[in-house]
Amino acid sequence: MSLIPGLGLAKGMALTLRRFFEPKVTIMYPEERIDVPPKFRGRLQLLYDEWGTLKCETCFQCAQACPIECIDMGGIDTRGRYHVHWGAAETYGERREESALRRSGRPVPDPAFRPFQPVDLGELDRILEDHDHDPADMLQILEETQAAYGYLPVAALKRISHETGAWYAMIYGTASYYAHLRFEPAASTEQAQEVADHRPLEATYLAALDAALGGSDRPGTPARA
Amino acid sequence: MDRAFKARLEGRFGDQLTGPIRQRHDESEMRIAAGDVTQVLAALHDEPAFRFEFLADLAGVDTGEVMQVVYHLWSDSTSDWLRVIADGLSREDPRVPSVTFLWKGAEWMEREAYDMFGITFEGNRDLRRIYMPPDYTSFPLRKDFYLADDAARSPGGGVRPMERTHAPHGAPATANVRRSGG
Amino acid sequence: MTVISRGWDRLTLPGKVLFLLIPLLIVATVGLVAVIVLLGQPILDTLAANLPIVRFVLAVTIVLLMTIPTAFLIIYMEMKIIALMNLRIGPDRVGPFGSLLSVVHGLKVLMKEDFTPTGVDPIVFTWAPVVVYLASVMALLVVPFSNGIVGQAFNLGLLYFFAISGLSVVGLLMAGWSSYNKYSLLGGLRSAAQVVSYEIPLTLSVVGLILLAGTMNIDTIVRNQAGWFTDWYVFQQPLGVLIFFIAATAEANRTPFDLTEADSEIVAGFATEYSGMRFGFFFFAEYVNVFIISALLVTLFFGGWNAPFPWPWPVELSLDPGSMGIGLLLLIGLGPVVLTLLFATPFWLASSRIKAWQALIIGFVLANLFIVTLVGAWAYVGLDWVAGILWFMFKTYGFVFTFVWMRGTLPRVRIDQLMDFAWKWLLPASLLNLFITAAALVVVKGLR
Amino acid sequence: MTTTTDRSGAGRPSTDDPRVMLDEELGVFEPIPPYPPRTEREAEFYTLRDGEMLLNMGPQHPSTHGVLRVVLKIDGEKVVDLDPVLGYLHRGVEKLCENADYHQAICYLDPLEYVSSLFCEWPGVMAFEKLLDVQVPRRAEYIRVLSAELNRVASHALFLGWMALDLGGLTPILWSFIERDEIVDMLASLTGQRMLFNYFRIGGVNGDLNHDFMSRLGDWMSHATEQIEAGNTLLNENEIFVRRMRGLGTIDSTTALRMAFSGPNLRATGVPFDVRRAHPYSIYPELDFDIPTRSEGDCFARYLLRMDEIKQSLRIIDQCLHQMPDGPIIAKLPRLLRPRPGRAYAGIEGPRGQYAAYVMSDGTDQPFRMRIHDPSFIHLQAVGLMMPGHLIADTMAVMASLDPIMGGVDK
């Protein structure tokens, strides 16, 4: 404090008056934006590949790895409803699995037109009983389920999640990691037929290729009928 | 590591130690029984050879078998942090004397340990819950307390595998799974 | 029925409005004319017989209406000036330089729910803002804005002012007590303690001035200060001005004495439980109070509506419109057109990019500005009340700026320091001021 | 003499519990609190004498620095006693850390101190490194010190503003935010985030110094603390400010040690305890800086001490820039960390005092026990010691001068 009372106040007043005329620092937000730093990690977005296809495989690994569980998986299901991955069961029923499967880009049965076949879960319950509902035995449970049903029905996965207490994402992640586990019947002749219907016969385009390349006598090109 | 300090501690508190004095990096660790806390900490605080006037931290620990209270002290008489572990508190009724007579600032840290572990600090005149609501009944940082699921009534309702690493010893694997609707 | 309804449906919206409006207007006009013809004379007679009452009612209405734009302006000043001092930009979206933001705030406050919490005393709770606001408006009634422009001039104007401005504390106390909230109660009691304490130095600081002026008539006090600015009372009462300034700041609950609504301590003080327009009344009253104390400071010590110097070139403008005859009509009819063209031509010639209609708009705006400037200058020179209002407002808003500036700079004092300051410093100082003034008067009279 | 009154008192039916207030007009019970006293202290506090009333400040109060609730027992304007009630921001970070692996645990530490995040990461990371016996590369240590000291300046800058704001000054908070914003932008270009940096990694840091950061730092160093100085001009000589802060919330050095104070609040009482010197860590032994102390122990001393610390931080930043070695910025470590069973304690000097982490490992990839020590928690309990006898308005000033962050207090 100075000897003259009020000098400190006057100094402060002088400073604010000087600041009154100084240039301002406000960034006029909607018109003017500062760039986020290159290392910015707050942008959550899904990436698309060069053909415009979503690169996300819906593997749920990100949701599972997120340490503070801020990532939720969600999407539009075949009936146009939006679902998040984790929430009360009553609100969205069984749709999240279908949605996840559909978004994975694999050939999956389209429940909009062809509902899931009802699966008898008695077999699964026996398997779970054998393993004492222990999520530590997840791989064995999944393998035995596949052995029992031929594939891993969504209803079964849900049942496993329910009974073992393991997170659905975890089970799905495990199952999708191993090549020998599948989510659709392996011997689905219908599907195979559908795929075949949409593909030109091999002979057709091989012949065209040969013609384009000028004959089939090039070494290393097996001649096919 | 201050080897001379270890010798000093052993010389002074030899009969009160319940375990060997361990030293690692810049920490010295001594274990005492819960009943000796008052004497040992008062001696560490007051005696001119030690002068541990700065209470760096006070923490409760649940090892799954016993409870511990861990004090971290600092003094200019040594280059180490001194860790005093009051060992061997029973999990059913853990009790340890309060150190608020030395450090009044330990009051809230003891309240926190009480809130989180249920450790009773005898002599603390304000031992009530500090973070949890007053009508809360369990002790969250104990090892037999599992994090409730985000959506306890969801199909996956129960405990996530991620949270099951530290199952209590000897507990059956499914003992802690909270069933939906339960 | 169907014909009518189909015809009605076919009308557009403006059509419907006009359809209803036109008959209404016709009826109203006819009715009005009838009323004027039949009852005009008696009404006029009544009004003429009670001219002071009519004048008073008009004055009250105008003062009441004037508080609203004043409050808006000061709120905007506060937002903008503090923002600029903070190196921010402040309001800049609504209106030019954001100047309409305070109006929008006012509308927002009007539209908000007028919430009455459980447990309040509803009558007192509802009337508290009214009392506070009316106290402000009533105090404004005796402030002379210019020569002859005063709500109500009377001999004890100054006394009236202090009596009324002390009334607002009743409203604050009512609000604090009735709100059923401890913060409100604290705020109300704080304001009671503060206003009552500062009332004393505030009043005492003017007593010296009253001795000098020899009257409590505010108008006379202002007239005494006419001439050069050295005739202002500020140079005869420097200590009095300082005390008056500080005490008035406290009286108006402004920083650094804004303890009654110290947001970091007691949330919003007496106004904690108020919302909607009731809160708006408190809010407005606060800013009207700022205007009032600035106005009074100017009136009592800074010459009021007197210019700081006498106009060096006295002009006698004698403009008798009747003497111009047909020239007046020509001036009114052709003047704007000619001026517009005159101002538009250079722009039109200067750049081929400016189209004729753009040039005309520019010319029109400039011509209007020119006319307004001309008329304003004429009014300033020729009508002394216009000059008075200009000087008065200039000085008053200068002090308003100072109050806002202080708010942007200073932290808040504590309640015990506030009381200490009032009783231990301001009160003795004001007594000293009074003593010195009285002694000086005696000496001067004795010498004479 | 105990009464049941709060507002009018006379003629109220008394209940058995003197702390229960009954409003017969409303028919509403207003129990404070609705359960019998559990401790000696609580019984003492909630017993009202004549003329006293309870004022519940917070958790939604403008100036309790977050969601803190303080129950004030007041006699008129005078505070008789006060009881801080915590837990409104309690997130159970310790438990969460025990359920995450060592890498994941770091990002739980960030939001504890949202004003100076790096100081909350640092002890955790240091404790993990001690458990794993990791040697941190020297460049990483320098970068850590550099960024942490920047963060300290930012934190103290904000302290200045808050302090003034709690005393009713509107301007310094915005000026100090300008200063803080420059630093935060700088740290954002280094770490990628503006608030929760999550920059320190076990064994080093995440990302090397980059051009953007260095150019911003250079710019800033050329006019460093300009806004803080301006704020000081506004406050240091301001009679109102000084008269309010001098002699307020005084605490002597013995009491401060007994209250387990640390950091600026302890040094303001004259104890030259600074973990950077008292128990050196990182590269602080190699750096040249002073430990400012003051002997008054009041709010004004705490305020001035922090302003002195800013200058020392600038010295450290300058030295770091000049001595910055080359080399790796992070030690090579496996992705999955399984330290040997053991215990580690790491304490550092943050802007508010000693931040510490105490970690126990049981050999798995997750900490067995993670204890976080936050100085705000310790300092806040001293408000109850400092306040009695002062006024309501001083509660804010004292609390602001101790500079608690509720994120750290509530963990």
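In order of appearance the chains are A, B, C and D, and numbering begins at 1 in each one.
Note that contacts are C-beta pairs under 8 Å (C-beta built on N, C-alpha and C of every residue); 3 or more make two chains touch, one makes a residue touch a chain.
The model shown is predicted, which means the values in this text are computed figures rather than measured ones.
Novice: If you average the C-alpha positions per chain, which one ends up nearest the average over all of them?
Specialist: The chain sitting closest to the overall C-alpha centre is D.
Novice: If I rank A-D and C-D by number of C-beta contact pairs, which comes first?
Specialist: C-D
Novice: Taking each chain's centre as the mean position of its Cα atoms, how many Å separate subunit A from subunit D?
Specialist: Computed from C-alpha means, the inter-chain centre distance equals 40 Å.
Novice: Give, as an integer number of Å, the spacing between the C-alpha centres of subunit C and subunit B.
Specialist: Spacing between the chain centres: roughly 67 Å.
Novice: Report, in whole Å, the distance between the mean C-alpha point of subunit C and the mean C-alpha point of subunit D.
Specialist: 47
Novice: So, what's the distance in Å between the C-alpha centres of subunit B and subunit A?
Specialist: A distance of 42 Å separates the two centres.
Novice: Multi-chain contacts only, two chains or more: what residues does subunit D have there?
Specialist: In subunit D, the residues touching two or more other chains are 96, 171, 178, 234-235, 238, 240.
Novice: By residue number and range, which residues of subunit B touch two or more other chains?
Specialist: If we look for residues of subunit B contacting two or more partner chains, we find 162.
Novice: Specify, in ascending order, the residues of subunit C that touch 2 or more different other chains.
Specialist: 85-88, 408-410
Novice: Mind pulling up the subunit D residues that touch subunit C in the complex?
Specialist: Residue positions touching the partner: 7, 23, 25-26, 28, 53, 55-56, 61-63, 77, 164-171, 174-175, 178, 234-235, 238, 240-241, 243-244, 391-396.
Novice: For subunit A, which residues count as touching subunit D in their complex?
Specialist: Touching subunit D: residues 1-2, 5-9, 11-12, 15-16, 19, 25, 34, 36-42, 67-68 of subunit A.
Novice: What does subunit C use to touch subunit A in their complex?
Specialist: Checking each residue of subunit C against subunit A gives 81, 84-89, 405-406, 408-410.
Novice: Hey, which residues of subunit D end up touching subunit B in the complex?
Specialist: Where subunit D meets subunit B, its residues are 33, 35, 38-42, 86-87, 90, 92, 94-96, 98-99, 130, 255, 257-262, 273, 278-279, 342-345, 347, 354, 356, 358, 360, 362, 364, 366, 368-369, 371, 373, 377-378, 380-382, 385, 410-411.
Novice: Would you tell me which residues of subunit A are touching subunit C in their complex?
Specialist: Per the touch definition, subunit A meets subunit C at residues 9, 12-13, 15-17, 19-20, 22, 24-26, 28.
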